[in-house]
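Chain IDs A, B, C, D and E follow the sequence of writing; residue 1 opens each chain.
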Amino acid sequence: EETYNLALLSDFSGPYADIMPVLAGGREAVFKWWNATQGKELGVTLNYKNYETRYDAAQVASLWPGIKSELNPIAVVGLGGPDVAALSERLPEDKIPMFMATAAYGFAWKEDAWIFNPRPTYSHESAGFLAWMKEQRGGDEPLKVAIMASEASPAYVDMAKGLELYAEENPDALEVVEVIYTEVQPTDLTTQMRRVARAGAEALIVQTNTSIVVAAKRGLQANGADIPIMMSSHNGLPASGGALGGLDQLEGDFEAYGMAVAAEEDTPARQFYQTLVAEYDLDAPWNVVTAMGVSQGLYTVTVIQHAIEENGAEGLTGEMVREALFAKPITTEETHGFLPTLTFTPEAPFPLKGLKVNVGTVKDGKITIEATGVDVPDVHKW
Amino acid sequence: MVYFINDIITGALIGLLYALVAMGFVVIYRASKVFNFAQGELVIIGGFIVWFTTMQLGLSLWLSIPLSLVLAGLVGYAIERIFLTKLIGESVFSMVMVTVGLLILLRGLVLLLFGPAVRPFPIIFPLKPLFLGDMLIPMNLLAGGIITIVAAVGLSWFFNRTRSGLRMTAVAEDHVVASSMGISVKGSIAFAWVLGAILSTIGAMIFLSGKSLTFLASDIGFAALPVALFAGLESIGGLILAGVIIGVVQSLTTNYLDPMIGGSLGSVVPYIIMLAILLIRPTGLFGWRTIERV
Amino acid sequence: MTAAPLAVRNATLKFGGVTALDDVSITVNDDELLAIIGPNGAGKTSLLNVTAGFYRPQKGSVELSGKDVTGQRVDQIARHGLARTFQGTHLFAGQTVVENIMIGRHMLMKSNVVQAFFQYGTVMREESEHREAAEEIIDFLEIEAIRNRPVGTLGYGLRKRVDLGRALAQEPSILLMDEPMAGMNSEEKEDLARFILDVREARKIPVVLVEHDMGVVMDLADRIVVLDFGRVIAEGTPEEIQKDPAVIKAYLG
Amino acid sequence: MDPSGIFPTSYRTDRRVVRTRWQAIALAVFMGLLLAAPYLASGRIIAVLNMMLISAVIAVGLQICTGYAGQINLGQAAFMGVGAYTASILASKTGMSFLLTIPLAGFAAALFGFLFGLTAARIKGFYLALTTIAAQFLFHFAVLNLPSSWMGGSNGITVPPAELFGFRIVGETSQFYMNLAVATIMIAGAFGIIRSRFGRAFVAVRDDDVAAGIMGINVAATKANAFLIGAFYAGVGGALWAYLIRFVGVDQFTLFNSIFFIAMIIVGGMGSIVGALVGVFVIRVIQEVIATVGPNIADSVSFLGGDIVFAGMNVILGGVIAGSMILEPKGLMHRWNILKSSFRIWPFPY
Amino acid sequence: MLELNNVEVTYSDVILALKGVSMNVKEGQCVALLGGNGAGKSTTLKAISGTLKSEDGTVSAGSIILDGTPVQNMEASNVVKNGLVHVMEGRRVLRHLTSEQNLIVGGHMVPNAAELKKRLDHVYTLMPRLADLRNRTSGFMSGGEQQLLLIGRAMMAKPKIIAIDEPSLGLAPMMIRDVYEVLKQLKSEGTTFFLVEQNSAAALSIADYAYVMENGRIVMDGPADKLANNEDIKEFYLGVTASGERKSYREIKHYRRRKRWLG
């Protein structure tokens, strides 16, 4: 019987405090499930502990040595930008990999990573979505798109930059008609949305935050413009709908990301979620944030499982875990359909091949799956 | 051209919203000489009170709005009682520093009481904008503009023309002198905070009507700050002019300059205007001039 | 003949509608104690302010030892050797007496920030030297006992003394004093009178004294200038002034 | 301050920071403990100490600018950012040694601070305090909008580790010694500055800038210098930060951070170097204690839930700041000084 | 009317500035408090009016009774409600307000506008100089003008008792006479005065009773006319020699003459 430790970084009192309890619940339930099933078979228990980082690089940096000496973890389960910022140069030295839940950022797109994302960058995800949309629409002229960005966080700028570059390199696929910078809680976007409408945008990409989705939606409504919004996972349909006072307001809008859509349909992912709720005390609604937590947990345990299968249950190290990630793809069956099959290479912190996104939408006031396994086009590094 | 004019009008109205939030700063400053760093936090507290009374208690707007204003006033009063009363007679500076603590504390308190979730904010003003030919003007901003102007005119009459206003001015000038003349410094500060909290709540209603509410909304405090400084920290009437100027310039920047440079100059431009005006007039357009006498 | 330590020529100073000074000229000679008197609001303080560069006159000029300093900043004028004490006090309230006096010596010290940061070179020696000079002034003014008290905690009278000490610490070539005797009882006035005389005699510093206590002014001044409504209405020796009907009407009553 | 009956016998001794043998011993023991800390304490503690040392440098700079010269500065985090970026760019692009990049980072920040300090010649009081917020916004805007080859834009910059004679300064312990060395120099220097004519000029300008001018102090230059020095410290702190984290991005230098630096000097007391250190210690300890025990509380009192426990952190921190102001408006150091003076005049209360 | 019993005042918890001061001011009287620099006169006033707190001071022992109410450590604004106004030293005018606004603030408790107007006129007739300055920003006025304004401001409140700190400070000789005329007038109207003054001659000319303070203790007291004839008072406070003529400031010998009161 071997025990290995996982350090979970969390943000219960910073900007992502709203989604944290659900996200944390999702990933913890997976670890419980794994310990009770696969882990038991292999004779391995995964211990885990949450560390509060407040989404603050300084806090991460000061916690890290403690985490290392207290837990000596074989992997870190990270949350967001500050974790990456504070640990990107540390983890290679300490030889511990970190597994994120979110899509990746352009600034982390480097070779020989120790920090991994199961999903490509936000720009990949939106590019995939837009390609799908263009196909739906038909025709040869490029799809006109507007992007909401904010300088409040460099990550938000990064999302816009990547997509802009993609559009520049693929003028026949995509035309960015407007990039609108605003605050994290915009005062009013009516005039900006009129610009978007007048530019003939066919879609509005909002991968920033929920408040911006709400303000943009109100701005579009005021202008009587019917332009679909695409959201990401952390500001997806349920969250934005909730903030708008009802999902029905988002009728026809989309969320798209490289991960299972938490929709009404009965999918393997949903079944697995129900198992977690029924048997492993998961106390979280079936939504995209839970899905994010569960998928993060799932690919983490799968990698570890691969590493155990490769090296035996004893003496497992962070380095072995990382090796296992490159050695063998993580199949979509292993992650219960939460994630596509992931093939990591040392070239990037996320899979570069076989990228897929799923698209969810609101139909009749309910979240439904619009498309699955949509291929992501080639997006170049920016 | 129509759009250009529309951008100017919308900008001016947004500027007036800033002016309303800035009025919270100014009222507190004007009656107690305390610069309240936690003004943005008062806005979210006001917002959460409105959210609580409408969305949680399910009261109708006619009931919940007055109730919210009363509750906000109570919060303002409580802040004065708990944090500021004991510092009367100490330097004003220490009170200002308490508001720095308050900034952090209220943020935590909001998280604690209402949680971090993004909440839908009730629709207080009709979502449908006002159409003037090709122009459209958001109703919340329009109503806000009117409220701001009315409040500014009323309050500046109060502070400049009435004896109670003069009393508060005396407190702002010098706590010790005021109290040595029998003016209750406590009363003045309490009044200021009650009023500041109420104004912030009104600001929150206009700002957030039909949108969403998280503690990030407190950023409006720092967006409104340049308006307060531009006008001068003692001037309530001046806020209108300052708000309109800053709002219009900001709107033109976001709508015409930002797309060209591909960045967010719009959010820094108020600070640039403010810096420029302060270099010319160090106490804002209408603020009290510094008196130096030897 | 060397130039007078201080000459103000035809100074006119207006604030909006208020004329604080109207074509005022004064000259202070070597070793002289010139008193300026006049009713409240006559413009005495304004005249000192113009001299010290705190106000810029609309017309007229200020010369220190023959050098035209009109329009220079206060600190530049101070560096030309002008020191003053204040009506009311403008001491550095939180600082001790010694520190206040040491601040007076700021401009005589030479060390730079880098030296101060590393405490190398002449910093230590310089500090000690100037501290010695400061202590001398403290001795001179008989305020040894309160040397380490923050001035904010001192009574008004002692503050005035520290104020004088701080001005002396600047090693001025001319000293302006604005109502130094205010707020003192006669015993203390005697002490201060002695200090002023000593300043003039031992240190050879000409003094311009603005004061309302006629006893003091008549006893100490070599020459008196009387201001009323911003104009010089009389000038002369104490005896002459005491008899001047215009002065009696405007001021002495 | 000495106990009663002991008086300094020369101006030099009177000027000393450390005046009695006991103080000297206490200081030596304290430094000794610090030097030995990596052998006595866990990595976590050392990491916390690293943060404290860096914050101490920055807070001491802020103390000089705000506590001594009276120029409230809400842009300290931006100045820190300028330093951090300068060090990162120099280190990553030119491979310059940290022995050079750290002071250069200080100078770059000092230049930026000086520009803002120049406005202090005209703008005063709260107006000035609030204009320093502009420094924050301008810094943020500049980094994100200047060509990303300059300051990395939204990508941030990765910093190579500091190296000394081929030894890479990575890991808590070696970084701790580097931070300790720099912080010691900077703090000692701060004592030097504030006890020199500059320190006195700062205080003069703070207490009464009119009188200061008449004393021959160039008020505008002094204020600008205060910003310059304060920003220099922030820049050095920023450089240390860059070497510690080895990655810089704009979101590491926010207005909120500036407010925390202000909070540190409030808690410790305005106008005291030791106060700034005390403030850094108190605030950081609270932060770290909550970050450490928080999870345990959340685990053991599960009905509270993690979010409540951690939200409580802001309440506690804000409460400590506001509370310390209410209980002792002049800061902890003031209380300590009162204690000392009553000890000095004991047993007679006058 | 006003009674101090063994009052002790401590600043910053350590500096004992008043060491057991007892005094008594009777209704309608004018009581003068004399004393050298730093004796504790202003401290006494601050203790009475409750403004000590702003300087980190407290009444640490003893009691102060104003009209039967204990007022030690009471909040300043409440002391005013009990009928005492304190004219502070240091010319603390409300600097950004005009001179007239200062006066109006002084009369802020006056119930109606007509009465306010009456009081303003009263002040202006007693001090015509203030009438000329009514629209002047008070912060820009000259030292003497500000001093006048302070006295006018206290008058506006029509208190039962005025505690006034060095009213003649910085006033020209003619103005001192005028101000004392005003004080006499007020006294005849029934106002009680507690007067701290360095201009002892002027103070003793209007006072009924006087206390002399040194080092935080009362060292001498007595009816004003009696004190005015006391040798020491004459020498140290009134500046006259034993034979009665004024000493010349030029003739002062350089030796320590300060004599300590033995109390």
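Throughout what follows, contacts are C-beta pairs under 8 Å (C-beta built on N, C-alpha and C of every residue); 3 or more make two chains touch, one makes a residue touch a chain.
Being a predicted model, the structure only gives us computed values, none of them experimental.
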Open item on the list: Taking each chain's centre as the mean of its CA atoms, which one is most distant from chain C?
Closed with: A
Task: Longest centre-to-centre distance from chain D, chain (CA-based) - done: E
Task: Averaged-CA centre spacing for the pair chain C and chain B, given as whole angstrom - done: 47
- [ ] Compute the distance, rounded to whole Å, between the mean C-alpha positions of chain B and chain E.
- [x] 43
Task: Whole-Å separation of chain centres (CA-atom averages), chain A against chain E - done: 75
Task: Mean-CA-position distance for chain B and chain A (Å) - done: 37
- [ ] Would you please write down the residue numbers of chain B that are in contact with two or more other chains?
- [x] 90, 108, 111, 115-116, 263-264, 267, 294
TODO: Can you tell me which residues of chain C touch two or more of the remaining chains?
DONE: 45, 54, 86-88, 90
TODO: Find every residue in chain A that makes contact with two or more other chains and list them.
DONE: 13, 17, 20, 151
Open item on the list: Residue numbers of chain D touching chain C in their complex, please.
Closed with: 10-12, 14-15, 189, 192-193, 195-201, 203-204, 207-208, 210-219, 225, 229, 271
Task: chain E-touching residues of chain C, taken from the complex the two chains share - done: 15, 18, 37-42, 45-46, 87-88, 152-158, 179, 182-190, 193-194, 197, 212, 214-216, 219-220, 251-253
Task: chain B residues within the chain D interface of the complex - done: 35, 37, 83, 86-87, 90-91, 93-94, 96-98, 100-109, 111-112, 115-116, 222, 225, 229, 233, 261, 263-265, 267-268, 271-272, 274-275, 278-279, 282-284, 287, 290, 292, 294
Open item on the list: Please output the residues of chain B touching chain E within their complex, sorted ascending.
Closed with: 88-90, 163, 166-167, 169-170, 173-186, 234, 288, 291, 293
Task: Residues of chain A that touch chain D when the two form their complex - done: 10, 12-13, 17, 20-21, 24, 49-54, 57-59, 61-70, 81-82, 85-86, 88-90, 93, 106-107, 151, 153-155, 157-158, 161
